[in-house]
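Both of the next two complexes hold chain A, though its partner changes from chain B to chain C.
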Partner chain A sequence: MSAPLYVARAPNVAARMIGGEMMIMSGRDSSLFSLNPTASAIWQAADGVTPLATLVQAHICSAYEVDPEVALRDAEEVVRSLASHGILRVSDSPIDP
Partner chain B sequence: MSLPATHRADIVIGGVRVGVTTSSASFLGLLEERYAGFLAAPAPADYDFDVELATLAEGSADDDVRVYRHEGRWRIERGDFRADLDPVARHGRIRQSENPYSIDSVLRIVHTLALAREGGFLMHSASALVAGKAFLFAGVSGAGKTTISRLAPPHVTLLSDEVSYVRRAQGRYIAYGTPFAGELARSGENVSAPLGAVYLLEKGPENRISRVAPADAARAILANVLFFAEDEALVQAVFAAALDLVERVPVRRLAFAPDARVWDLVEREAGR
Partner chain C sequence: MKSLMQELGNRAIDLGVPLGVQLDLTYRCNERCVHCYLDHEDHGEMSTAEVKDVLDQLAEAGTFFLTLSGGEIFMRPDLFEIIGHARALTFSVKLKTNAVMITAAKARRVAGLGVESVQISLYSHKPAVHDEITKLPGSFRRTLAGARALKAAGVKVSFANVLMKHNADDYPEVRALSESLGIEYKADATITPMMDGDRGVLELNVDADKLARIYRDGAMVGEDPAQYAAPAGPMDSEDALNSLPCSAGHSAAYISPYGEVFPCVQFPYLSGNVRTQRFADIWRDSPQLAEVRAIRLSDVQGCSSCVHGSSCSRCPGLAYTEGNMRGPSLQDCERSYARTGVPSKNLLAKQPPAGPARVFWMAQK
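For the complex of A and B:
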């Protein structure tokens, strides 16, 4: 079993849900992102202190018929991608707000 | 020893007054010609600029513009000009050659900075006043901004064929005329009206208005907002303003064949 992963929204972004779609703009370089519903659920729940596996269980597995291991693997891919764009922080320890 | 004579033009766009001081009578004449219709009698300004005329050998107007903060001042730079602005004193300097294009760019950028803080923006769009409401026609180059402006019937008041000016006041949006002209090479009228709708222009086989999903509308608005500053807080403010506008003002797609009947359609919508 891998070490827990923690995720937190980056401080320098603006985000708003519009028409059921989460739109995020990086204040650093004005890049615009829109998230699908599952990525949006993780983004909204990313509080820096709840392990990603718990977030996936609470917000993805409870809403979609999906294998928990597959859901977590997909979620890890998503959060690392968002982190690479600087709009989410990922750490193997809790993240201070 | 006598001080050089100074000349001043007060240029008021969107209700924001910029005072421009120069020692050159010929440059003043150039400003008066360029901003005719947007000039006012001298009065305390929202922003003041001193213009120093010089030739900048190192670049051209085709270079990218940079807008960034340095030691508390805004720096606005392009190959053909250097400008800075103290945002507290609201006083700045512009160094450029004697031409109307450099200061035009500086003015656009200063207005984007001023508007961002209050929830407004400049948008790459034509705009017009119909039946007491303002309508924006947004699109990239080639989408038809100039064409639809050229097709406007005489009773339609053009606010701009290229850069529209949107301010937020008391929870609603107001569009203003601007002197920032595109291919039409004609200033807009110096009037304003509440914003009735934003149309996303595209050329098509027939004139047709269709709905746009809110997220797509937000993407289109953001793609057309003019904003240059490397400043996280202002970028976030512009993002919030664009999405707020989408929630408050109808955003529609307007496919139009290049004929004047498109204005009948816009006027019918304006009357609803």
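For the complex of A and C:
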């Protein structure tokens, strides 16, 4: 089993839910992103102290019929992608707000 | 293919979301710019608590892009508290300022709060010309120092260069100065009538021949000079039936320091006041906003069939200040004429108005 992953929203982003879709603007380069409902759920819950696996269980597995392992693997891919755009921080230890 | 930003704008209009709001925090200012449309006396601007409450309401209504402007926003001692509150609500925050009061420490605070960008008014590369417009001695030096401090702190900065009779010849050098500092440059030849309706300030508009030269300057008009060389033709009738004049009142709004709500900062049609009504109620129920939203380009007298119809930047707010929000904006007709050398349908139909239009009519002969 891999070490727990922690995720936190990047401090310099702008974000708003518009028409059921989470719009996020990167503070790094002003790029605009639109998150689908599952990515949005993870992004909103990313408090820096709750392990990603717990977030996936609470916000994805409880809402969708999905294999928990597959959901976690997909979520890890998504959060790393969001982190590469500067709109989420990912760490293997809890992240200070 | 539409960009995500365009899609977002369209979705906001479809959903009736006030996506972009300009909130002026004060009309007080440390400068007295000769072209300014504001009354700088404080007639009871909103308190910190009132502003924060408005921000809460805007976030709830779906506003994403928030512009904090004035007056000079740094005149408010609670500015950073307000910006902090706005950023905690995850707005994309843009500031408009003259930067005169921005020190290195303040610039670092702006950066630390995650402000998206800061737009700074700069009128000339010559200190004397800039200071003559702002009526504040030393303002050129202080504005540049503020801009440099923001850049050094990592903030995205742009210069807004309002062009008027005093400074119309200086724009190439202002542009070069911007480039040398790594600062985005935007020029605008729009002089707005005073909020009380006084149009005397329009006398400061750039002369016709100078404006025409600016519109023919490839460095100013972008990658497609041909777009500016000839009228684009009338608008397709189907498009005219469906097209909105602009986003004012549809996905954009303006709130004054006194809580008054308008469709846009350049559209002084009072539509409500957040001191007496919730913003969402004004946005949804205001008869004035409903009237603005009902206008389609096909309703605008003479415009959709004008040779400039499909490329005109007619501003309904300027049209309103000229007397009819469903009529033409002769200021924009004049601009189209300066750009192309071809008078608009409404310019041909109307008697020359007082002020700068007369200059255009003389130039046309």
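The definition used in the following text is that the second predicted complex is superposed on the first by the 97 of 97 C-alpha atoms of A that agree within 3 Å, B and C clash if a C-alpha of one lies under 4 Å from a C-alpha of the other, contacts with A are read in each partner's own complex, and residues count from 1 in each chain.
By definition in this document, a residue touches a chain if its C-beta (ideal position, glycine included) is under 8 Å from a C-beta of that chain, and two chains touch if they have at least 3 such contacts.
Note that the coordinates shown come from a computational prediction; the quantities given were computed from them, not determined experimentally.
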Q | Which superposed partner A:Arg28 touches (first chain B, second chain C, both, neither) | A | first
Q: Please indicate which partner A:Ala83 is in contact with in the superposed arrangement: first for chain B, second for chain C, both, or neither.
A: neither
Q: Could you say whether A:Ile95 touches chain B, chain C, both of them, or neither, answering first, second, both or neither?
A: neither
Q.
Touch test for A:Gly19: chain B only (first), chain C only (second), both, or neither?
A. both
Q) Does the superposition put A:Val66 against chain B (first), chain C (second), both, or neither? A) neither
Q: Across the two complexes, find the residues of chain A that touch chain B and also touch chain C.
A: 12-14, 16, 18-19, 21, 23, 25, 27, 30, 32, 34
Q) Mind pulling up the chain B residues that touch chain A in the complex? A) 213-215, 218-219, 222, 227, 232-233, 235-236, 239-240, 243, 246-247
Q. In the complex formed with chain B, which residues of chain A make contact?
A. 12-14, 16, 18-21, 23, 25-28, 30, 32, 34
Q. Which bits of chain A are touching chain C when the two form their complex?
A. 11-19, 21, 23, 25, 27, 30, 32-34
Q. For chain C, which residues count as touching chain A in their complex?
A. 4-5, 8, 11-12, 14-15, 17, 19, 59, 62-64, 90-93, 114, 116-117, 156
